[in-house]
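Common to both upcoming complexes is subunit A, partnered first by subunit B, then by subunit C.
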Partner chain A sequence: MKVSAIRQALLLIALAFVPAIGEAIYFRDRVSWRSPDRSSEMVNLDQAQSWGANAIWVDARPDNEFEQGHVPGAIPLNEDRWNELLPTLLAQWSLEKKIVVYCSSQSCNASREVARRLRDEAGLKEVFVLQGGWETWLKSKR
Partner chain B sequence: MDLIVGGIFIYAGVIKAVAPLRFAIDIDNYKMLPWAIGVRLAFYLPWLELVCGIALILRFFYRGGLLILTALTFIFIAASIIAKVRGLDITCGCFGHTSKNWSFTAHLALDFAILITLIALWVSSRAQQREL
Partner chain C sequence: MNTNLLIGIVALTALAQEARSELKWEQTSVDLKPALGDKQAVAHFKYENVGNTPIHFESVHASCGCTTAQTQNEQVAPGQKGEITATFNIGGRTGTQVKTVTVRTDDPNPAHSTTVLTLKAVITPLLEIQPTLVYWQNGEEPKPKIITAKANKDAAIKKLDVVSSVPDFTAKVDAGSAPNEFKISVQPRDTTKAVYATLTIKPDSPANTGNTFAVAARVMPPAPTSGTAITPSTKATVSTVRHDLVTPAPTAASPRQ
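Let's turn to the complex of A and B:
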């Protein structure tokens, strides 16, 4: 039986839905389906600053950007040097501390990814992504 | 050649299928699709690559698999170029985070090599079909 390439493609497209739907069901509670960040995982600058010494600021930007300027006391933690930098954060972390991760701006993704890894891989609770990132911090200081 | 190309797509599919949330963030980096669509694609595309890779190796629905993989590779190349032109920092390629440290040129060279191979396989399959 000869089946045209387009018909074959349509069948393969349909076939791939089966495992994909299964995986999506498995992950359904761990994924934010409507927006990249769950609102409970975001924090605005005022709120984060109100935590004072109870907040650990984590800079998820590349090293060169961190060196050019960062939130006072922030710890660098980016994906390039994850294993090397993580112990510094863990040394400062304690149960009552909240972690505020930021990257360059609202549109960057590094803070989300670092926050996700801190929750999933390092098993830390109370990890938040700073809305607006470094850009918002800079604006607030002008 | 079918084995190599099929194997590449199976590997690319598996590596992304095991970490769909990471892949969703990678898709979001391109800033071309709303998150709601990107995250659903992150669950679907790896399996599509995997199914098509298997189709190539088993030569089952071979031409359909080739058609999809050629289209996917073409779209990926176009999306990468558009993202680069827009000045976005694209940290992922067709191998998800495994290839995040590759340069843009290296990404593009590999993607074009895959695209050319897929087109060559398509042309050769058409020639074989005509001979039958």
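Let's turn to the complex of A and C:
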């Protein structure tokens, strides 16, 4: 009786491992400790807009997309022309200002990369990534 | 009995000969190591139609605007080989870059109709500069601040030329504490007025094909005092300082909302 209970317990433990192993294999990049996003770096549109003139909007999309439309007053800063564009942002930055970086949509990565470089390379502190990017901005204006 | 066996064999043979198309990829992931100063990294993804009917490409879509992908042909005949060329424009990117190209064909088998090709490039910069901004608060003691520039060991950089866009800053370059490292000492002449400078760094290296790097130096404007009434004269002063500091964006943008 006792042996049977132990055997059943071991079987249940082994069964519990099956979905866990599956998740580790198929969703390797989505498990929380590997997530590329830190929630503290993200900002939603309402919050970013509430900063008003204390926010500097940075458009991380390619030049042609920026030219087709952008957040009013946004500064273009993409990695295609990083060295050329960076000085414009640094000239406008000041300590009390927050930087809001956006790219096309939730799935794009350019805004995260630009935000990371502004923090790591330029040493800027208050740099945020806009959740949903340009798509969210457009939706809010419809 | 023998007849049934014969029918079975014929049926199996017919099934085996069923029309099918399939692109077989030589590799779906390519690792690239562009040379110093390269502007582009190019990956070739080779394929062959191992089926017996033609395959058509429906779309070839790169994951970012920095990558373009081209097919040699719209249609791939049975047995035909070809390749998709993916060109990654490096621009100002550094570090490990992973870009994908999604290829869709008219293969009726959903398992084969979409293929994701991955291009991984490790970009080693000629120069790693940190920080790219140094600043002084208004009225702060004008002591020098240090920017560290680590040169790529393969670049054989002997010296750096640093030029300030305005005469309000001086920049002096010394050897750093580690090999291939430089220390750029930046100092403002005066910290009582707001000023902005772009410091252009030009490495002297055979591997450098005219690349320059930009860092910024600033003396910040005086912090606005809370509760201070803005008189017409102070308003005008603030406006003048901002006009001097702000470099206009490359394209016309509407006022910030």
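Here is the rule we use: the second predicted complex is superposed on the first by the 108 of 142 C-alpha atoms of A that agree within 3 Å, B and C clash if a C-alpha of one lies under 4 Å from a C-alpha of the other, contacts with A are read in each partner's own complex, and residues count from 1 in each chain.
Here is the rule we go by: a contact is a pair of C-beta atoms (placed from the backbone, for glycine too) under 8 Å apart; a residue touches a chain by one contact, two chains touch by 3 or more.
Note that the coordinates shown come from a computational prediction; the quantities given were computed from them, not determined experimentally.
When the two structures are aligned on the shared chain, A:102 is found in touch with neither subunit B nor subunit C. Within the superposed three-chain model, A:134 lies out of touch with both subunit B and subunit C [touch as defined at top]. Of the two partner chains placed by the overlay, only subunit B lies in contact with A:6; subunit C stays clear of it. Judged by the touch definition given at the top, the superposed model places A:79 against both subunit B and subunit C. Between subunit B and subunit C, C contacts the larger number of subunit A residues.
With both structures placed on the common chain, the touch criterion links A:88 to subunit C but leaves subunit B unconnected. Once chain A of one complex is fitted onto chain A of the other, the partner contacts of A:19 are limited to subunit B, with no touch recorded for subunit C. With both structures placed on the common chain, the touch criterion links A:65 to subunit C but leaves subunit B unconnected. Residues 79-80, 109 of subunit A are contacted both by subunit B in one complex and by subunit C in the other. Across the complex, subunit C meets subunit A through its residues 64-66, 89, 91-93, 129-133, 196, 198, 212-214, 216, 218, 220-221, 223, 245-251, 253-257.
Residues 17, 20-22, 24-25, 28-29, 31, 35-36, 39-40, 43-44, 46-48, 50-52, 55, 61-68, 100-101 of subunit B touch subunit A in their complex. Contacts from subunit A toward subunit B in the complex involve residues 3, 5-13, 15-17, 19-20, 23-24, 27, 30-36, 79-80, 107, 109, 112-113, 116.
Interface of subunit A with subunit C (complex): residues 53, 57, 61-62, 64-67, 70, 72-76, 78-88, 90-96, 108-110, 120-124.
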